[in-house]
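Note that subunit A is present in both complexes that follow, paired respectively with subunit B and with subunit C.
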Partner chain A sequence: MRRKKILLVWGIFVSLVMIPGCAPFVENNTIEDIAPVTFWSISKGEKRKIKMSTLVPPLVNEPKSLLTLEVDLLKQGGKDFNLRYYRELKVGQLRMFLIHEELAKQGIIQLINTLLTDYDISQRMYLVIVKGNFDEYINRQAKKQENLDYYLYRMLKHYERKKQGEMTIVNLHEYKNKLFSPFSDPVLPVFKVAKDNFTYEGTAFFSNDKLIETVKNTEDQIFQLLDNDHYLKFFPIPKLDVVIGHLRSRVNVDLDKNLSLVTINVKLNGRIEEYQGNKNILNGNELMQLHKEIETELEMKTTDLIKKMQELKVDPLQIGTHTLSPFSKPISEKVWLAAWGKMNIKVNYQLYFEALQNTKNNY
Partner chain B sequence: MFWKKGKRIANDSSDTQQPVQRKISLDSLKQVLDNMDDVEIIERTTLNDQKVVLIYLRTLIDQDRLNESIIEPVIQCPHAMIYESIATPKVMKIHLLEEAQKLLLTGAVLLNDCIQEQWLVIPLPNELSRGIETSETETILYGAKDSFTEQLEPNITLIRRRLPITELKTEKYKVGSLSETTIVLMYIDGLTNPEYISIARKKISEINFDLFFDSSQVAAFMEEHHHSIFPQFQQTDRPDVCAYSLGLGKLTILVENTPFVLIAPITFFHLFQSPEDYINRWPVASFLRIIRYLSFFLSVTLIPLYVALTTHHYQMIPLQILFVIVESRSKLPFTPFWEAILMLTILEIIKEASLRMPTKSSQTLGVIGGIVIGQAAVQAGFASKVLIVLVCISTISSFLVPNYLMTKANTLIQFCFLLLSSFFGVFGIAMGAVAILAHLNGLTSLKQPYFSPIAPFYWKDWIDLFIRGPLINMKSRPDHLHPLQKWRYKRRM
Partner chain C sequence: MTTFSLFDKSSKMDGIYVFFIVNRFQMLFLFFLLPTYLLHPFMIWGIVAMAIFSQLNIRLLCKWLESNYAKKGYQGFVELFGVRMVRLLTFIGLILILIKITVITLGYLEVIHDFIFPSMNSNWIIFFILLTSSYVASLGMKNTIRFVVIVFLCVFWIIFLYFPFFIPPIAALHDLYPLIPTNWTTDSWKGLLLIWSSYSGPEYLICLIPWIKPQQKMRKYLTYANALSTSEYLLLFIASLFFFGSNYLSKSKYPIIHMIRYLQSPMFERLDIILISLHMFVLVFALSIFLLCIYGATRIILKKTSTQPSRMGFAVTCIVLFLCFVFVNNWIWSIKTEQNILLNIQIWLSGITYFIVPTFLLLLTKLKGRVKA
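Right, the complex of A and B next:
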């Protein structure tokens, strides 16, 4: 009886260990023996090689140095880094993956697949496109700022939150979803490196896995309103000498049955933050006129942006998903992209601005 | 091997032989009480020229009352009926030597009326006890301050004052072949489930041991699961807790010479309840109770979680904290497991030492311990700052559980979890938690499930489980205790 009991307990114990698929051969993850890296920077090397860089030590407050390697494969780089550093570099805390623009233009699906299949790498890792020499920048800045890599991560994390607006922030999971889903194309943020500056430049549009265009300034801001965050803290329109702000958008996309016309209605709540133009915005009529002008300007710019998308045959706004309905067969992505390229566009903006000043009609 | 067993049985049979009953006589008594320095055998002559012999143990009787109530009245007795002259409420006649022996040792005076050839026994116990003081183990800010003492009678008085009803029954039993400890089973007739009473009676009658100096020893013989780390009887020195438990349908066992009373049947969750819960406003009391559960969870899992994360799952640590931990651990010679074991063992040593030391010394010990653990260990490179913080939080959390025995159980669970976490990481903690839950589910207290009202499920009792609901809504007694009277209010006629 006692032996049976012991056998039963062991049986339960062994099954408990086996059920979750725990490997009996575990890696040494003891925290003092490893160096969890926070970012990998990838750029094009010589002779079709990949140039990989990371900062070591990643976390401890010791003098930091940049490790750079030229390798054929991503994982090869991971291995070679370990051979060059006294602690094993682990990727379980990899938070940022910076890809050089040139490499992104060639296609990054193999890189993405490698990252996705590594169970150590979190899918919450941010993907960023970099213009310029990032290695040079980080090498120079690391001496000035102790935890530069950490602060870059904090910046991305800050703007990832909803209702922060301003930037496109995409993680591996989001990128993968858009890459492998029909009727959608992925986007990534683009940062420009110039000497001591690391500046957000805009949003990169991808056709499948290849970077084909980067939208900047006003177009990028419109993209934030239409799809990314539906919120902007400030939106300067220099042409009209106005800054509108605290914008919340509600976007309604409507496709006609023949797939010949797409109507985009945008309801915009917000307020005028600053005005330096010639109109007297304390006068109701002139204010209305300014509203009209802003509406027209936004409609024009939005139409331009969508036309650009049509020309590039990309659909980052996922307009194609509006062709789906519960009881009909979905059209193929090919058919959709062909129709998307020829569609007429109609954009309507409706502004609902808060009156922050007293207005008088005959002022 | 067989002959050994046979021998044991033969010894057992000699133990169970009925003693020969002898008649009481002065010579036989003198023989029995030989070599007992505190025995007094005095002879007196009454006014009636009648000779009386008094036998007593001076260490057990009240000397003043002996003079006032027995010696003086007996000497002044003008007639032959000495029995009537004794000025104490209880006087009995006895005939057997064994009986006389037992009564002498409880603090009675034996009186031999030589003419009438009769033996009288007059109980005059010396009520040597400390006064009623405040409870030191279950201190509360508001509410009753009195606590039990080592004497049975005052303890029963304290409960009777709170429950002045004739239904409150007390049954006396003797346990311990050497200590002859009196224990009292208390319950409310017509309210406490008779099944519990009969189980308790049976268990008490089955107790077979020589010495009982504390109620926990009695509990050890009445428990169904001797190897469990969880107490299956609640021990309290607070009469209000006792009276409240009796009112809910539980029974209590008072043990002589200990201020701690046993309460049963209990559940795991009763150990997290404090008398102050029923004094505070209900939202406050509920919040404090939730904090207590949370702190129990923290005290058990915080350090194992630290070991699991730093040994196996560095990926799970938020980057900001990882910064701090890596920096703090970078120069340490020990792995997280040994570091935690070292710190916890030192802490246990300090805790145990401070309990055994006199109050003034324990203060010094506390300061030294604080400095050693807080600063020196970090500076010497034995432990990381993060672990010190976690050890502090976990230790303070463990003190929030009102039951002291449960606090001790905490430590043991923590060590087990620590071992599991070092081998299996978070998965080990999960396995440990499953094992603890399974064990708790299998436990019983007076054959009642220990993990009710969760398993078995009694949804109505949840009003006084993780929260303490408003008293006005607690109209019925807990279902899991199966009381004979369900409602807590009197029905209007």
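Right, the complex of A and C next:
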């Protein structure tokens, strides 16, 4: 009996505290009142301001509209969006953070720091560099295509999972980790807006937090093979009239002791998907010759790519991490970058292609 | 109406409870800070070394637990020191426990405040946690000790969630290099101290002796507990090295929880909120055990051991504790210097108690035995 009484008294006490609004919770997350946005797009505004935009409402059957603001600070934008829109915008579902190329060239460390301090923002949020006017594109396209923001997110997620090549996909955590590590420089994907298309263009190299170079096409593909995914579904080499596919690479980096030579051995497994040249590739000798040509072509292109990195003094391939070993003192970042700029490069490719099948010689 | 018996000594607990208790005491808050203090991969050896020392310490403790004095409980202490000395030592113990639970509660509080309720007045959280603990404690020492099984089952599997951090691309071997100490600084000593004080906890078993079956296998259970804690420390530390790299590790205050934020589940967006809530079980358990210890200690100091524990006295203890927490939370914990003073004091104190208590007791027992002979 007594226990019941005590419970009753407690019950009354707790409800007395909670009911009159003395409740300790101030956040209101009633689903009808909030709009969890999926992306923020940031570009350069006038006079050192930043231009922010986002699409509302997300995933509800209402006509979508793009909100655009010019603000000094990122979180200020988050606040001002709320004042503009009848629902409260929440950042808990923020999945993409699109940064305009011009802004990225000035450095984005302040933005990254702001994102990192907010515990509501997922560490898995994708960072993307955009060329061209994204706001205009989304404004035009959102009317034609429902849930455009969601499908953009799905696209990034699709290419991130299983590391299936084709695109560099980087999230906030990966970017931050590379940014703050001494022997690696971050990279981000670059997407280009051209009229009604939003196309993947390549990979942007960062020196610290500033974008300094974008590599495209073949160079980007080689970058995928060397570091990012170690896989490519298709690798067209128009110069040799050949497409190789299902490429899987094994990269072996070897630094010599006095940091003057780096040897990169790449083993490629794959198969020839298409050939339109004039060699009889059913003939063993001629096939070997084609292999040789592909090898030299790849070696040349790779050397060029790495030379480019050296000139820019960036190390997105994390070659510097190979200077670390279990039983020696690590060298400093400065020493490494100085050595990296002057290092000789040797690139070796070894191709292991499957034999061709279901084909007949046309020549 | 049943009588209010907090310290009912009629039934004794198996050794397996000792395993649960010691393991969870060793995994109490301080391990959240471990990676941030250790930073360098070579500190892996620090954890291993401290585990060995802790094991030696546990051997000493076990020797004492198996001695005749220990079997007699409170009477044993009286025989060993005399009533006056026991009261003095209890008073010191009371202060130590008070500091320990204050720091641990406020530490967890900070985690909750940071991750779950950033806009909530933190005194409310103290209130709710202490309310729960008082309820658990009011069920008596016996039930509180039994509660450890639930606590252990709620929390121990969290370690398996860190599995994804051990597979590439997150796990890269070069994050663990160099494995030998290349720059040994005062911070490294501090790291070792933190490891040692995280291992502390088994010494509080001396407060729980009357409820544990006197048996020879104690050492076995304590060893297992120590080994489990060691492997958890190692796994968490290595996982955080893989995930953050040793350069970024110092920037993040609670790396172990930030790692959980990176995990994704198809059901919940914020996995960390759920897991922090589960960690609260450990806090509630530790608080209720120490609450009972504090109440018992006050009774010893006030010479009330022969009378029945009263509801009033227990309630007053809880309220005083609440006021103490609120006071420290509002006026001492919030002083922002470069390092949290109270936390540092606790790290030192728990390191010292873990080192001194078993040695001191064993030495005294040996001396007493020799004098008698």
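Please note the rule applied: the second predicted complex is superposed on the first by the 330 of 363 C-alpha atoms of A that agree within 3 Å, B and C clash if a C-alpha of one lies under 4 Å from a C-alpha of the other, contacts with A are read in each partner's own complex, and residues count from 1 in each chain.
Here is the rule we go by: a contact is a pair of C-beta atoms (placed from the backbone, for glycine too) under 8 Å apart; a residue touches a chain by one contact, two chains touch by 3 or more.
Everything numeric in this text was worked out from a predicted model, so none of it was measured.
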A:N29 in the overlay: touching subunit B, subunit C, both, or neither? Say first, second, both or neither. first
Kindly classify A:K329 by the partners it touches after superposition: subunit B alone (first), subunit C alone (second), both, or neither? second
Is A:K90 touching anything from subunit B or subunit C once the two structures are fitted on A? First, second, both or neither. first
Between subunit B and subunit C, whom does A:T38 touch in the aligned arrangement: first, second, both, or neither? first
First, second, both or neither for A:S181, with subunit B first and subunit C second: second
Touching partner for A:S122 - first (subunit B), second (subunit C), both, neither: both
Just subunit B (first), just subunit C (second), both, or neither: which does A:Y153 touch? first
Subunit A residues contacted in one complex by subunit B, in the other by subunit C: 26, 92-93, 122
Subunit A residues touching subunit C - in the complex, by the definition given at the top: 1-2, 24-27, 92-93, 119, 122-124, 163, 173, 176-177, 180-182, 321-322, 324-330
Touching residues (chain side subunit C, partner subunit A) in the complex: 1, 114-115, 117-121, 124, 169, 172, 174, 176-180, 182-183, 244-245, 247-248, 251, 258, 261-262, 264, 269-270
Residue ranges of subunit A in contact with subunit B within the complex: 13, 16-17, 20, 22, 26, 29-32, 34, 36, 38, 59-61, 90, 92-93, 95, 120, 122, 147, 150, 153
Subunit A partner contacts - residues on subunit B that touch it in the complex: 310-315, 317, 319, 322-323, 325-327, 329-330, 332, 335-336, 424, 427, 431, 434
